[in-house]
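Written below as structure tokens is the structure these notes are about.
When the chains are written out, they are named A, B, C and D in that same order, and each has its own residue count from 1.
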Amino acid sequence: MSFCKTNDTIKEGDTVIIYFSFNQLQPIKVKRGSNHHTKYGSFKHADLIGKKYGSRIQCTQGTVIVLQGSPEMWTISLPHRTQIIYTPNISVITMQLDLKPGSIVIESGTGSASLSHALIRTIFPTGHLHTFEFHLQRSETARKEFKEHDVSDYVTVYHRDVCSDGFGKEDLADAVFLDLPSPWKAIESAKTAIKREGGRICSFSPCIEQVQKTSLELARLGFVNIFTVESLRRVLSIKKYDLPDFDFNMDWLKYKGNGQENENQNDQIDKNEEKPVPKKIKKNFNESDDSDDEVDGSTDATYTAKPINIQPGHTGFLTFATLLHKDFHKV
Amino acid sequence: MSFCKTNDTIKEGDTVIIYFSFNQLQPIKVKRGSNHHTKYGSFKHADLIGKKYGSRIQCTQGTVIVLQGSPEMWTISLPHRTQIIYTPNISVITMQLDLKPGSIVIESGTGSASLSHALIRTIFPTGHLHTFEFHLQRSETARKEFKEHDVSDYVTVYHRDVCSDGFGKEDLADAVFLDLPSPWKAIESAKTAIKREGGRICSFSPCIEQVQKTSLELARLGFVNIFTVESLRRVLSIKKYDLPDFDFNMDWLKYKGNGQENENQNDQIDKNEEKPVPKKIKKNFNESDDSDDEVDGSTDATYTAKPINIQPGHTGFLTFATLLHKDFHKV
Amino acid sequence: MIKEGDYVIFKKTDTMKIFPVKLNKPFMIDRFKTKLDNLVNKPFGYKYEIKDQQLHLVQNTLSDDMNKVAIFDKDNRNLVDKSANQKLSHDEIEKLKQLEDISGTEIIDRLIENSASFSQKTEYSQEKYIKKKKEKYLAVFEILKPTIRTLSEYYILGNHKRKVLNMRMDTLAQILTYSNVAAYRNVVVLESCKGLILASVVERVAGFGNVINLSPNGSHISTKEILDYMNFPPEYTQNLYNFPLERSDKLDEYIEELNKKLAIATDDTFRDKQTKKLELAHKVNEIFKTKKVDCLIIASKFRPSPILEKLIDSMAPNRNFVIYSLIQEPLIECHSFLKRTQKAIHIELSDSWLREYQVLPERTHPKNNMDCCGGYLLTGITVTNE
Amino acid sequence: MIKEGDYVIFKKTDTMKIFPVKLNKPFMIDRFKTKLDNLVNKPFGYKYEIKDQQLHLVQNTLSDDMNKVAIFDKDNRNLVDKSANQKLSHDEIEKLKQLEDISGTEIIDRLIENSASFSQKTEYSQEKYIKKKKEKYLAVFEILKPTIRTLSEYYILGNHKRKVLNMRMDTLAQILTYSNVAAYRNVVVLESCKGLILASVVERVAGFGNVINLSPNGSHISTKEILDYMNFPPEYTQNLYNFPLERSDKLDEYIEELNKKLAIATDDTFRDKQTKKLELAHKVNEIFKTKKVDCLIIASKFRPSPILEKLIDSMAPNRNFVIYSLIQEPLIECHSFLKRTQKAIHIELSDSWLREYQVLPERTHPKNNMDCCGGYLLTGITVTNE
């Protein structure tokens, strides 16, 4: 199976994602003879083999779903070796770098390879990703993962400090992506690495000072259309709501607890976000515990969408620029 | 009449706000014998006198509403002499500076006095605003406006460059507000101006570099709890919606225009935002033209709230800090 | 300065706790025993350290972060990822913390000794590590004065968000400006926020006006908490009227009922109670019947639209109302009512967005997490159709 | 490099216009007459200036802004506010612009001469003034290649937002990732965005897979516009199937109908047409009936829920769908359907937020205006209940 193709059935050796709920996903490698223990009890790896991806798997005490490894699922389940780039930013990066099958892309650093998988998915089968990482262990792990995920035909991993040693590539890339502490140190070499007909560059930085230095260096080296954006995605959970009417005719004096009575009765709206769901309910696979109210069949239930309370408010700034056709630059 | 009190009836000399719609407001000074011309025709000032604030005024070709001058109405109708501070930021500033009746506040620059009016409203009748402006004409205009708006008892206007000359105040203020190109130059003097028992400070700056310098200077001078926020308010307009069902049984081939047919029939949602409303409708006072769909009596109409398309995405950064009781500072 | 009887807020990183200042009353905070006696006549806002069960003022030192530039040249390329970088187990650390005579500094030293990766970290990471541990293990607290600002932080920081209907500071701030609350106003408040809004209003009116607090049965219980923390001077609350919401739409009837009760009263206590209720009813009636309400604020757990319908007619024209809701549907309903009846103009539905920044040399960026759920406001201005 | 037959985008400050490159065809842009002949074999992205009715490549000069630090010491304290700082009237400026032989530079010089306040402005303000005027009066345009990125800017910048259902770049970008569109996929698209989504999908599939474009009557008219601009190589569109949405839920019936028509066909043209239709129906049937749909994208002007109900059963399990709507209610409805039928997991409703920054020395800040209306996405993964 491959992370960049869609697959139908599970085979031995596949890295699959065990899906418990929105925020509980676990990648495992299917190995006949192994057992996997979850909070819903355990299952045999052998039982997965030959099953369809997207099937429910009966554990001893509940159900989980087994999903194919895809760039988006990998991003939310991968073992973090570094801060990673998430799908909303990956989306904008992919679009702004004009990526499509056939694109040649340079990336540094590889990090936890969250972005790498998504880039490969977009540029395969005719493109190639050159990914550079200065941390030896990380580069080796990434190489191993690409192999396991059957995408290594489309990617080359380099263990190299591009800030000091450059990319060592010339007139090769359609696009360059930088996620480095000092991205400005790699831009000159990135320029060399971009194709003669020009290309796009993106730098991801958490701090504004990095953006400022990067933008200045891009301008100095003749990149144009330099611009910086922040892109956020806000998730809304869907809740049943039913605000009680105040009863102007009720004798509130006699109503228990005068004034504080329906403290907890009221806001069904926030219940799930703040109170942990009792264990009993969790035993069965029931995704709605995590974010949405159970949707029942009744047609008169009213639902509203409410942003989840605490969400990412910043990941990084994305700075983009264009390098125009090199042959027409005034020297 | 006073901008910081609530008033019932219009008197000669009052500055009133003629309200056409959300974004069309006009402050005028009521002067017996004058006429006022609007796009809905004209009315006599004399007709306003004695009327209740919040009344509809019949013009020759339509209706407008006459409103009392209040800080919020003034902010959206005042003549701009500078970039002004808007109500969402004013709100946060007022709360974070712990303002209430009795507070002594220092402000620089006065600018167009949008914030000043709101500050006065909150601190009157026992507090006082000292407002400093380095631009002579602006400081004079502000002084004149405060008089006309009957709030001059609560404010003193200084024509002075506080960055070079300081505030010239000592142990006086509960709170200091800075809206200056180089706010860090005024902080030492602001510290002197704050009461012995300590106080709060706020600096408003559009650019992040100003925030960085200001924060460093605040830290150097012993201010604590330094923090910076951005506060935005997003307005949603309320629209009727009615997405058409696709008719799977219709012979779409025979339906006119195959495919493009209901181009304009569909999104009632955006109609008002993009198409100017025909003049004919505008003739009568009808607020809903500007932002919301007309609400009709029918109970089965479905409404949704949709953010207005282009809105302020940045006004400025607000940096706050506390000065602790001066007597306990280690020297 | 802190006085006996005041409330004080203990703040440490992301936790806040609130206590009344009582003399010679030892209590536990985190794992430390302390008394508050020493705080009396000391200033608010400073950091205090618990030593010998008493609080001692600590001088603020200039934040190290501010003066240090991040060093990008040193990096972590050789730091090998290991889950077991800290050799002390969770249990061992817990045991360490139970030791009576161990100081926070000593705990931190032991943690550093047993950290495999500490020496490999960059200078910047080392500092970050120590700072984090210090915040956790040292008995140093900021002692803050309860103000609307600090209390609104207190409710949002702790797990008390629901108590204040998720009311974020900026949303509360907007309620206060858009309602035009100030001195010399008659303000009507209906809230389910433990008194956060009511206390804000009482402070902004400061005794120069009237505040009518509507609640089921006129109970102040659910709004008293924050008013207590604020410890207002008596003149602030002398014109605060706690009135039963269910009577607000039938004042004549209610007055009549009270009069009847009073007429047949024999018991003095009962008579006093009815007399007080009657006075209250007359006061509220005077404001409602003559349409003297200047500001109306609704932020309750009840569906707002029917309540707005009952209350809006008590408002003078050209006055401001603000209705808060966590979700937009109830406000869309209010909007429909207002548009249909033409009782108001300049009706705006809005939400608010607040993001904090980390401002440090070479490390300036928006904070990574934000509260996305600031709720919605419906604001507007009453008009007269006369 | 630009070729004859390509489309090119003219960009100037905040306006973009799109033209096909035809030889010896003069046309007007702004107030300038030009031909595009000169563009052939020239690179995209550079600025070109119109001189003698032809376009000439202009070298990019290093942005002055970047190297200049704002001077805060000079200020505008003596600049007196006057409405009539520009002595030339609007009409006079218009007349100036009509002069055949006047260059943009000359117009700007005249404006400066007649500006009362220009000399009093700070150096920074003077530059800003000149830059603004230059952008307005010089015949310099960036010539951009139509790509999904530039086209999505084109539709949002102009007054064409409604044509693409307000689809913002970041929202479109998310549709493409969350749907897992790529090579070797069978993608079903239903859109009312002039082909913006369809073209994005065609590019990402790049001929290695199948794209089924559903529309009323299978018409490609409403989605053709952007595909034309993209000028794809033929292998990209060979597997693009425009199929009638109204037939998608009754394929057997439709095939039978076509077979019948074919059986009685006498006219060759008619037979060819029916044969083609039949081939198309078979192709679509093959994908739908065997549940081979890998990605489903709905961003149409129709209520999505009933359409989703019809189409989701053609999808394989563990595949991704994305539904776009400007408002949230239709997506809440889809959410209810999916939850009730348990046909999908990981269902998320989201909106997106995008803000641009001005990054200049001493003048870095978020842009003052932002598009607040990026719409909502409902994303999810199909599962099997077998």
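Assume a contact is a pair of C-beta atoms (placed from the backbone, for glycine too) under 8 Å apart; a residue touches a chain by one contact, two chains touch by 3 or more.
None of these values were measured; they are calculated from a predicted model.
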{"item": "Neighbouring chains common to chain B and chain C, by label", "value": "none"}
{"item": "Between A-C and A-D, the pair joined by more C-beta contacts", "value": "A-D"}
{"item": "Distance between the centres, which are taken as Cα means, of chain D and chain A, whole angstrom", "value": "25"}
{"item": "Separation of chain A from chain B, taking each centre as the mean of its C-alpha atoms, in whole Å", "value": "40"}
{"item": "Whole-Å separation of chain centres (CA-atom averages), chain A against chain C", "value": "35"}
{"item": "Distance from chain D to chain C - Cα centre to Cα centre, in angstrom", "value": "46"}
{"item": "Contacts with two or more other chains, residues of chain B listed in rising order", "value": "208, 230, 234, 304, 317"}
{"item": "Per-residue overlap in chain D, given as positions that touch at least 2 other chains", "value": "328, 355, 361, 364, 366"}
{"item": "Chain contact topology (line, ring, star, complete or other)", "value": "ring"}
{"item": "Which chain pairs touch, all of them", "value": "A-C, A-D, B-C, B-D"}
{"item": "Chain B residues touching chain D - in the complex, by the definition given at the top", "value": "81, 134-137, 161, 181-182, 206-209, 230, 234, 239, 241, 243-253, 255, 258-263, 266-267, 269-270, 274, 302, 304, 306-317"}
{"item": "Of all residues in chain C, those that touch chain B in their complex", "value": "1, 42-46, 57, 59-60, 62-63, 66-67, 147-149, 152, 169-170, 172-174, 176-178, 180, 182-185, 203-206, 208, 294, 316-320, 328, 331-332, 335-336, 339-340, 345-357, 359, 361, 364, 366, 376, 381-386"}
{"item": "Complex contacts: residues of chain A adjacent to chain D", "value": "4-6, 8, 19, 22, 52-56, 65, 67-68, 70-72, 87-88, 90-92, 94-96, 98, 100-102, 118, 121-122, 124-126, 197-198, 208, 211-212, 215-216, 219-220, 222, 224-238, 287-288, 291-292, 294-297, 303-305, 317, 319, 322, 324-325, 327-330"}
{"item": "Chain D residues touching chain B - in the complex, by the definition given at the top", "value": "72, 75-77, 80-81, 159, 161-162, 165-166, 192, 215-217, 219-222, 244-246, 249-250, 300-304, 306-307, 310, 326-330, 355, 361-373"}
